[in-house]
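In the two complexes that follow, chain A is the common piece, with chain B as its partner first and chain C second.
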Partner chain A sequence: MTTLPLDNSHHIREHLRERASATVKRRQFVSRLMIALCWVAIALAALPLGDVIINLFIHGWASVSSWAFYSQLPAQPTLFSPDAVGGVSNAIVGSGVILGYALLGALPIGIGIGVYNAESDSRFAIVLRLVVATMVGAPSILMGLFAFGLVVVQFGFGFCILAGAFAIGTMMLPVLAASTEIAVRNVPATLREAGLALGAKKSTTSLRIVLPAAITGIVSGAILAISRAIGETAPVLLVIGGSQAFTWKAGDFGQALPLMIYQDASSSYPAQRAQAWGIALFIVIVVFVLSLTARIWANSKQKERR
Partner chain B sequence: MSNQESTVNDISMAQVAESASFANAPVAMSLRNVSVAFNGRTAVRDVNFDVPQNAVTALIGPSGSGKTTLLRALNRLHDLTKGAVVTGDVKLGDIDVYGGTIPTTVLRSRIGMVFQRPNPFPTMSLYDNVVSGLRFNGVKKKSILDDACEQALTAAAIWDEVKDRLKAHGSTLSGGQQQRLCIARALAVEPEVLLMDEPTSALDPISTASIEELIGQIKNHVTIVIVTHNMQQAARVSDQTAFLLMADDRAGVQIEVGPTSKIFNDPDDSRTLDYIRGRFG
Partner chain C sequence: MSENLLTVSSPTPVTYVEGRQRPSTSSRGPYEYVLLAAASLFALIAAYFVGTVIWRAVPAFREQGFGFFSNAMWNASFDPAVPSQFGSLSMIIGTLITSGIAILIAVIVGTGTALAISFLLPTRLRTVAATLIELLAAVPSVVYGIWGLVVLTPWFQYTVGPWLAGIPGFAWLFGTTAGGQCYLLAGLVLGAMILPSYVAIGREVINSVSKELIEASLSLGATQWQTLWKTVIPTARIGLFGAGTLALGRAIGETVAMSMVLGSALSTNYQLLKPGATLAGWIATQWGEAQGSSQVPALFALGVILMVVSLSMSLISNRLVARQRRAATL
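Up next is the complex of A and B:
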């Protein structure tokens, strides 16, 4: 058995002090290097994004800033009037109506599934969670095909806005369910217990205590779902028919913004290609404003509770 | 006699007159061979005692002795935990708590609870918080809710502080005020028994004192069972004390139950004395 060299501990102390300055220098160097690497990573991520946004403004601003873009229907340019592209009023309304119907269906069902998944341990909930996780990653064209098969063909509605809403709704559903589940799980258990301890039923506690407490998270999820859905081309391409007329009726052929981009972008007329840029810019602005509003709202809500 | 002993004794002597008074009081709740197990592992074993009406019963004991686990068995809060099994008899008056004759929602409105950390509902105003229990149980009439709100807040000694801002959120209150709000919320449904799970452990000394004073006032209306880590607190506020300890198999067992003055001055079990005198725990 060896004895601990307690009387030698001074040496260790001296040794440590000698090393200290070297250590500090090395750590400072590593720290600066890492911060520099972080900036490089940020630049790598931000440069292409900045490039996209700048290009959107360069090519699309003229369209977005003209009143005709919002007020007129699309027109077909000719060789004699190559700039007569009209506006995209029908597509703006079409996209709005599709999103509205999609939300009408997907919000209650998605939130319901999310709450159920968060609050239940049943085998069904486990399976449902797996289904949701899979659907979140499913390519959007699948939802388009699903809507095409079910609404357009099976139910015989034909190409229409409703079918587009169905496709977009099924796309938003898993996003809503997943974000709701996370938001509900983040509500402290002690609030749930407080409700139950007051004699509230489990369902009452979920609906009137847990759900309101999770609302900011749920709204963030809804905004994310909307942002994804508004630019989604594949599902609507398959099912809404692509009308050039103005309509908001669920049973009519419809038009949507991303579909217009798809049509305009392949045109041989520069003015139509410019319109495609304009629509893309318009979508980016809408999503940006939505996200910003949601963030400001959530912050004020959070402040109110503190 | 060491300083520590005399301090404890000084506190408890002041209680003697009061704590003797519950001897003939009716029984609010009775526990017979109550055990709680989680996934087959016993957490509390064979607890037996009566909770006298309109008195304060304190559950004391070191960490892990099962105080909170036992408390939560009284209002069936373990029902939420998968794998939790409560055995033995818990009675509220003549009603078998686990007998299936009383719905848990009704039971929990008759046995209220205050938690370790103040937990006002963050999305509700002060007013909505206080009357939430009534609303959950279907009361809609505004005059009833208004009255209940004022009564409960008055009983919780916070009415004067908040009466002009009932629309504000619970989070605008201090920690102590929040806890009194939670007490008001629990009292609003007029429970017969109020369970308190270390209600002052997250509070500063002044707020703690105000909650303790409040406990002395509301025990005329409601029977209280309080879990506390703080022995001085048990001595100050309680009439009866139950001392729990972790057995060799890590299950909490009841060592001694009796009038607080007896437990603190002349306990039967040497382990109680050791704990009271701060020799462990």
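Up next is the complex of A and C:
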């Protein structure tokens, strides 16, 4: 006669333990796998970005490190002198002039909008905030179309540097407005209240207390806008005409650095392609230096305040 | 880079000293008027922007009618007896294909990267990686364009393309001949381009998930991945969706890089190894020869499509990221 196992809880417990440990093992395996995939993702992200930077230096360094790149006008290479590409002095000046005019118009207006949006809670300000937020994401080529329709055709200026500056400036406006608004909002309310409590007028408080306190944010935003503007190709492509001559006049056909990359990248002369790489490297260096400087400056300012 | 710009639509009311009346609108000084003038000027510019682009496109819409959306032909006629034919169908589909590939890459690789930067990298490297990502987001698109054109196009033409074209059973997807400039390459380059800005915002959104929530999940015995997948990502999903919409908006509006790596071909053959055109890219490539012809309004009409799509994307993404931020601070 066999005895029935009256108490089989031991077996059940054993069974459960086995199943549980299998589940835990499976979960841990899945977890390890997916975490490994996250590492793969970061490698996949770094690969193309690293490749861009490496290629910039390989192909572009020779141009950037030669003096002729900055001092000479571009030349058209021929079969007999395939390496005679000259420099890009006109495009450097052109880009500088476009940026200068764009900043001249966009900085005061952009900061004005930002301060207005931060300090007013009228219905107009609410609508304006929405418009700013929407315009930040507008594709840059639309600003080119806008500048063409308004400045080139309607105002009758024709293709010129000024139209390019208008397109770039319009592009910068919402960026400046948004960053200024955030910077002003980030100023502690107590600071503003202290100014008002001392009997200062609203405008005095705003100009003498709030704006100086917000200056790091405003400048960082401006630098962000500038570094975006330097490399913008599409809007200038549509309206500045493109010229090989040296000019800084607002009414002339102009040339800009990114536009030259666009035109020279598909050239059949290797030297001209190398020059395009050189311009690309030059822009990337300028953008990196600008944003790093802004960052370091903002950090040191913040520490100073504490 | 642009993550700072997204807080705009989460207004915090200006606070005033207790017991003090809010200054009434009648007590405006010159300073307030200067600000109001700047704001009004911007409203005017924005209205003119939308108005100009639409108004210049009207002749094309009137001439082509609904055919502008359903037609894949683009023939500028110089003979007054023969009407021009402008249709945006292949540009619309080309834009959908390239930005579809790009957003797929950006979301999958980008979310993984953002998680890895926020949780897996050693603490000291996190700020470095975040700074690097933000710097890379500032690299202009024309630089990605020259990289795609000079470095990747030959590689695609002679290595990747023939290999993909040779896979049996996938001819409907890739086609049977390898090309350099093609939809697939354009999508990949576009993906690499929008990745940094997606990661920059995505990382910020992920960082806003509260530590307590993560620790609670871990202390319940969830594995690291379960915590990320079932706690962090669902909590951050609205913000991640917003970041994705923003990246998609950028992808749709990308111009010069697309005209460089996609070529400029109009056909109804949308296999991934074929060259094509996108809305923005086509405006750029046709602009020079279009001057003075009936093509200009047609190109403006492409701009109108682009404007409607990208502005609504921008609006949606702003709302979403702002909502996430409010949810995180509550």
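Convention: the second predicted complex is superposed on the first by the 262 of 306 C-alpha atoms of A that agree within 3 Å, B and C clash if a C-alpha of one lies under 4 Å from a C-alpha of the other, contacts with A are read in each partner's own complex, and residues count from 1 in each chain.
Definition applied: a contact is a pair of C-beta atoms (placed from the backbone, for glycine too) under 8 Å apart; a residue touches a chain by one contact, two chains touch by 3 or more.
Note that the structure is predicted; figures quoted are calculated from it, not measured.
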**Prompt:** So, does A:293 touch the first partner chain B, the second partner chain C, both, or neither?
**Reply:** neither
**Request:** Pick one for A:175: touches chain B only (first), chain C only (second), both, or neither.
**Result:** second
**Asked** Just chain B (first), just chain C (second), both, or neither: which does A:128 touch?
**Response** second
**Prompt:** Between chain B (first) and chain C (second), which does A:304 come into contact with in this model arrangement: first, second, both, or neither?
**Reply:** first
**Message:** I want to verify the contact counts: of chain B and chain C, which reaches more residues of chain A?
**Reply:** C
**Asked** So, A:76: does it touch chain B (first), chain C (second), both, or neither?
**Response** neither
**Request:** Return first, second, both or neither, reflecting whether A:196 touches chain B, chain C, both chains, or no partner chain.
**Result:** both
**Prompt:** Touching A:208, do we find chain B (first), chain C (second), both, or neither?
**Reply:** first
**Fill in**
chain A residues where the chain B and chain C footprints coincide 121, 192-193, 196-197, 201
**Complete:** Interface with chain A, chain B side, in the complex: residues 75, 77, 80, 82, 105-110, 112-113, 115, 117, 119, 121-124, 132-133, 135-137, 169, 171, 182, 185-186, 189
**Touching residues (chain side chain A, partner chain C) in the complex** = 27-28, 30-35, 37-42, 44-45, 48-49, 51-52, 55-56, 59, 108-109, 111-113, 115-122, 124-143, 145-146, 149-150, 153-154, 170, 173, 175, 177-179, 181-182, 185, 189, 192-193, 196-197, 201-203, 206-207, 221, 224, 227-228, 230-234, 237-238, 258, 261-262, 265-266, 273, 276-277, 280, 283-284, 287-288, 291-292, 295
**Asked** Okay, in this complex, where on chain C does chain A touch?
**Response** 1-2, 4-9, 11-17, 20, 23, 25, 29-32, 34-39, 41-43, 45-46, 48-49, 52-53, 55-56, 108-113, 115-117, 120-121, 131, 134-136, 138-147, 149-151, 192, 195-196, 199, 223-226, 228-229, 246, 249-250, 252-256, 260, 280, 283-284, 287, 299-300, 303, 306-307, 310-311, 313-315, 317-318
**Prompt:** Which of the residues in chain A end up touching chain B in this complex?
**Reply:** 121, 188, 190-201, 204-205, 208-209, 212-213, 215, 304-306
